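Next come the structures, one after another.
Consider the two complexes below, in which subunit A is the common component and subunit B and subunit C are the respective partners.
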Partner chain A sequence: MTGFLLRRLGQFLPVLALAAIAVWAVVYALPGDPTTVLGGLDATPEQIAAIRERLGLDQPVHLQFLTWLTHTLQGDLGTSSTSGFPVTQILAGAIPATAQLAVLAMLITVAVAIPLGMIAALAPRAAGGRIVKGWLSLSLATPPFWMGLLLVIAFSVGLRALPAASRFVPVWEDPAGALRNMILPALALGVYSGGVLARFVAASLSEVMESDYIRTARSKGASPTRVVVRHAMRNSLLPALTVGGLQLGSLLGGAVVIEVLFSYSGIGRLLFNAVAERDYAILQATIMFVVVVFLVINLVIDVLYAVLDPRIRLK
Partner chain B sequence: MSLDANGRRLARRRFPRPGTVDLSSRAERFAVMRHLLRDKAALAGIIFLSALLVATLSATWVLPLDAAAQSADVLQGPSLQHWLGTDEFGRDLGTRLIVGARVSLEVGFGSAVFAAVIGVTTGLVAGYLGGWWDAVPMRIMDVALALPDVVLALVIVAALGNTNLNLIVAIGIAFIPIFARVTRAAVLTVRERAYVQASKAMGAGSTDTMFRTILPNVLGPVIVQFAITAAVAIVVSAALGFLGLGPAAPAPSWGGMLQTAKSYLYQNPWYAVFPGVALMLTVLCLDRLGNSLRVAMGIQTTETAKVAR
Partner chain C sequence: MHTAPPTIRVPRARRARHLAGIALAAAVAVVLTACGTAGPSEPAATGDPVKGGTLTLGVGLQLLDFDPFNGTNQNYIVTKALYSNLIRYTPDLKPEPDLATEWKIAEDHRSVTVTLREAGFADGTPVTAGDVVAGVARAKDPKIALTQAGVASFIDSATAVDERTVRVDFTEPTNEDRILDWMFYFPVVEAAKNNPDALKTQAAGSGPFMVKSYTPGTELTLVPNPNYYDPKQPYLDEVVYRFFSDQDGMVSALQSGDLDGTVWQELRYDAQLKDSFQLIDASPSAETMLFYVNPTMAPFDDVDCRQAVIRAIDREKVLRSIQGESGQVVPGPFPPSSPAFDEALFKKVGYDADAAAKGIAASCATTTAVAPSTPSTGVAQGLTIIQADLAAVGFDLKLENMDQATFATLLRDGKAQVAMFPTVNPFRSVASLATNRGFSGGENNYWWFGKGVPADYRAALDAARDALTPDEISSANAGFSAALIDNSWMTGLYTKIGRFALSDAVQGWSFSPANQLELGGVYLTRR
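Here is the complex of A and B:
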């Protein structure tokens, strides 16, 4: 197990380093710079030069990267060029909002995926199975942001029951208010990723149901429920764990379109605004955050997988 | 769905080695086509997509459909005169949907082609040559895979401007790793086969072996991935349009229409419904088509297109 952990960490660190360079380079390569936004249209060349010097934009490329890297490693992500607040402070405000939305969306995802996946796998020919399969195809073809619009039309415009714009209400302060604000965006995200996950659950469950040890369990006289719940589900959930983990990773990285649609102040909308305002510091920090979350989740899934399935370690 | 299962059984018998359909063989191409035409879902998909393509092309060139024609009937629901209703300038939504389909199809298929060309070449080289040729590009692909597609496209389009070509590149980049991985995996299964050895024994160079002997045999999974990628790319391009980064204002696009519709949800909710339906049907058709192709060629997919949101 130690060997596996070391090997996996050995893969993780170079990819993380490359990603850091890539993120920095992509943002650096963006044409148009904050000076035009900050200085306004009638800034004199001297004013622009002063801004560039203040932001360190007058230095050579590699020095700029090294400065950024050392500061980042020291936990200093710079200051936002539009609002003037430290980036760490802005990120700290957005991360809980996105995390809370991601957790609720993930709960919906799992609640959708496991029952639907089981029905599709266990009764593929029955009416229920056919309906579920049809629903899965439909839900995969429905972009989450359109689903969000439909939910707004139904619950905000039609029934006037839920807000069309979602504020971030911490769940530990006001659970009901938090749910009220988050349920529409979480549904829009969860129904879609639930459809994706359900397909994986169905595929792996129907594969497991064909295997020898299931036949053994049946011939021992185990009831159909017991065969599925105790024997088949355990093994079939392993592959689904990977997909579910990746989904959680991308949810934690901020759902840009959904957050913009619901004006929800999480990482995704922060990133979108940073792009629009050419706020380099925020942009670098948010993209880096998204990438790190994704890579860390990937690492955690692999390790978890090795813990749950000893065969993986030996490969 | 029984057709699927039946088809899968047929396909297994027809192609003894799943996943290595040789598309340079006319008989095998014919067998795949026959499967597609027998699968109702795939056939419906082909018909819908062809109809959409013909409609959107002829709308610009032949039909007297004017997507910019305004009228006094602003933000109306569906009626006999305007089947799908009108937008905030009284323009016919049905017309704008058909004309706007062109952008979606162009950007969707364009970015899938872009990603496939680069990804397949990378995967071919990595899988066949191995060693450093494998390690370095594939690690870069791992990094690229960690960048979420909408985010990457957002940054690139914001940087380069929102022309169709830029949209294609911005969206396509995110899908290169998937093609590289799919191709590499397929190459690894065929590279030691007898016909590859035979080609080498007859003196074919690496380039020749890769592109003329191996490539036709690994195209199966690539084509399946292409259909899935085109579907996801259409959704991503609509998402970008929804964020205001689609084609510039007067030109209709599905994503852009949804963005505007968001401001008029109270006046005309249908405005936000129909572009999404068009989007959903297109993606559904591509998905069914991809699935049917996968079954016809007996491919077990391990890779999935990334989730777009």
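Here is the complex of A and C:
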């Protein structure tokens, strides 16, 4: 296990290096530059040159990249061209906000996906199974932003019960306040993700329930609950784990549309604003953060595979 | 000269609550509501200003910095609360003291002597003549002058006469209107902090409020400046700006009671807000929406073609579809309140489809062009209408979607063939329009790159700048306006409205002619 982890961590380095170059190239390929945002339409050529000099944009691109790389390796992610604040400080505010939202959304996802997926797989022809399948189709056809709008109209504008503009309230400081601010964006994300995950749980569980070893377990007199919980679920969760991991990665990488809709100050909204304002330092840092999140989650999924299925050996 | 005051639409009735809850989520909502804050207070009767309270405003832009010399839209929202300028303008552009209590223009029009009132910056440092001197020096440094460079271009230097008196010398005899416009625009910043680096993350002004806390992209909280010169103001205990990346989210937050008002929201929300909020047309003359064609690119390198294309635009249709009943159509860049506004110019550039069709057929070398369509308020909608107008006279205008930063770069590099975007209006001095690079008389004009502005335009601009007496000014203004129309690289469409939506509890509001909410006089009637 230790060797596996070390090898995988070693593989991170070339991936990160390639990602850094790709991120740099993509960011610089964006048309427009920060001087138009900072100087406005009426900035004179002298003022534009001064802004470029201040941001280091007057240097050759390869030098800018090397400077950025050197500083990044030293833990200095630069300064936001828009706000003037250090990028590390801005990220330090956004990451907990997004992580907290992602965790709640993931809890809702799992709370929706496991029971609904089981009902759809175990009682596909019963009324409950049909209703669940209908619900899953509906939830998959409802994009999160649309669900978010409906929730805002109902609970914020209509009932005035929950905020339409969600603040980040740390759950360890004020759990009720945190839940109050996050419940609508988390529901908007979780209902859709839950639908996706439930489909995988249902398909996987249906397939496993047809397996020989399940028939054997039944013939040995195991109760239906024991057959499902002890024997079937463990194997059927493997594909769902991959999908769930990727969903968690997407949520941690910033649910851009939902964070923008709810004006929630996480990674997604930070990224959205950085693109609009051509804030290169923020863009590079947030995209690299997302890359790292996905790498780590993939690693964790691989380890969990081995835990759930002893036949899988980590090599 | 007359500038219409802000207009207001009074709520007709409280809007019924929209939707019943969804059962499951309603249960969640009820539980969570119990954990939340108290509901909205009942509004008190309006009357004398009430001290106290927190005003929360939603803004659909992100603040760039606290530098008032960077007069971009983003910063404009808050600079009026944090900084005092030398003078204010009334809605009809009469000067009133702000930090300057007196100003005397020399008989030869080569200097103005300004007397400052006793006032203090937020950190307790007194406002002195040295702060004005430092500000003028910065406005003359092309690297850091930012948007002050243009408006202060006629100024040579400033000298402190004593602690609270400063003499500002000009490079040439300058008329009173131009001097007053500069004084209106000039923010007094604490001298030691008056540079872009220092003002990036902190303010250094003497306005009614000071910064309490700021989270970039999220929230800015202001509290009263204890050293503000008016002991009665401000009335509010706190002002919170919440920054939104999405107008839908901002308006929902207003409707849900999270906000007391919104700043510069899009007019498409009027219908859903009109019964519950005060909808205010702030400073109706602050901006004019214009349609530009690039005279250095075919087919617009022929002035007859430019004029023919302009005549194909039905301004009234564009205005009504974007702003409804708000605003007025204009033939050029000047609003009706401007001394350079001339309704007779509609005869030259007004909608005439037959004349446009004949002109295009006779003078346009090609009949296609590309216009960048941006997310800015009204632009995509306006260009679509203009596209249809031009198609009706045989001209194919293609629209290319792009974001604001891409468009700005294209424009600044002189590569935009057609464009629609607003310009900030000059106030008393018509020639101040040329501080906008699209109207500059120099090589910086981004519509005339490599070609230079027409000689008659440059001459008219110089005349407007040089005019000193009322007769000279009136004649020069007319000449300047005519030169703009004759050269036709742009045409006016309509006066652009800056829309504010405020809850009934927000009273005492007023706006500067530059579209800024004067927060010092604002108070809340709810307890």
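One rule holds in what follows: the second predicted complex is superposed on the first by the 292 of 315 C-alpha atoms of A that agree within 3 Å, B and C clash if a C-alpha of one lies under 4 Å from a C-alpha of the other, contacts with A are read in each partner's own complex, and residues count from 1 in each chain.
Going forward, contacts are C-beta pairs under 8 Å (C-beta built on N, C-alpha and C of every residue); 3 or more make two chains touch, one makes a residue touch a chain.
All values reported here derive from a predicted model rather than from experimental measurement.
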Touching partner for A:Leu9 - first (subunit B), second (subunit C), both, neither: neither
Touched partner set for A:Gln47, first subunit B, second subunit C, both or neither: second
First (subunit B), second (subunit C), both or neither touched by A:Val152: both
Partner chain in contact with A:Leu162 - subunit B first, subunit C second, else both or neither: second
First (subunit B), second (subunit C), both or neither touched by A:Ile90: second
First (subunit B), second (subunit C), both or neither touched by A:Ala255: first
Contacts of A:Phe272 with subunit B and subunit C, given as first, second, both or neither: both
Subunit B and subunit C footprints on subunit A, overlapping residues: 31-32, 149, 152-153, 156-158, 164, 260-261, 272, 276
Subunit C-touching residues of subunit A, taken from the complex the two chains share: 31-33, 36-50, 54, 80, 82-85, 90, 93, 149, 151-165, 176-177, 179-180, 183, 187, 260-263, 265, 269-270, 272-273, 276-278
Parts of subunit B lying in touch with subunit A, wherever the complex brings them together: 1-2, 139-140, 142-144, 146-148, 150-152, 154-156, 158-160, 231, 235, 238-239, 242-243, 258, 261-262, 265-266, 269, 272-273, 275-276, 279-281, 283-284, 287-288, 304, 306-309
In the complex, subunit A residues that touch subunit B: 14-15, 18-19, 22-23, 26-27, 29-32, 124-125, 130, 133, 137-138, 140-146, 149-150, 152-153, 156-158, 164, 189, 192-193, 196, 243, 246-247, 250, 253, 255-258, 260-261, 271-272, 275-276, 283, 287, 290-291, 294-295, 298
Footprint of subunit A on subunit C - complex, ascending: 17-22, 25-26, 28-30, 32-33, 35-36, 39-40, 58, 62-65, 70-73, 142-147, 149-150, 196, 200-201, 215-218, 242-246, 248-250, 252-253, 255-259, 402-412, 421, 435-438, 444
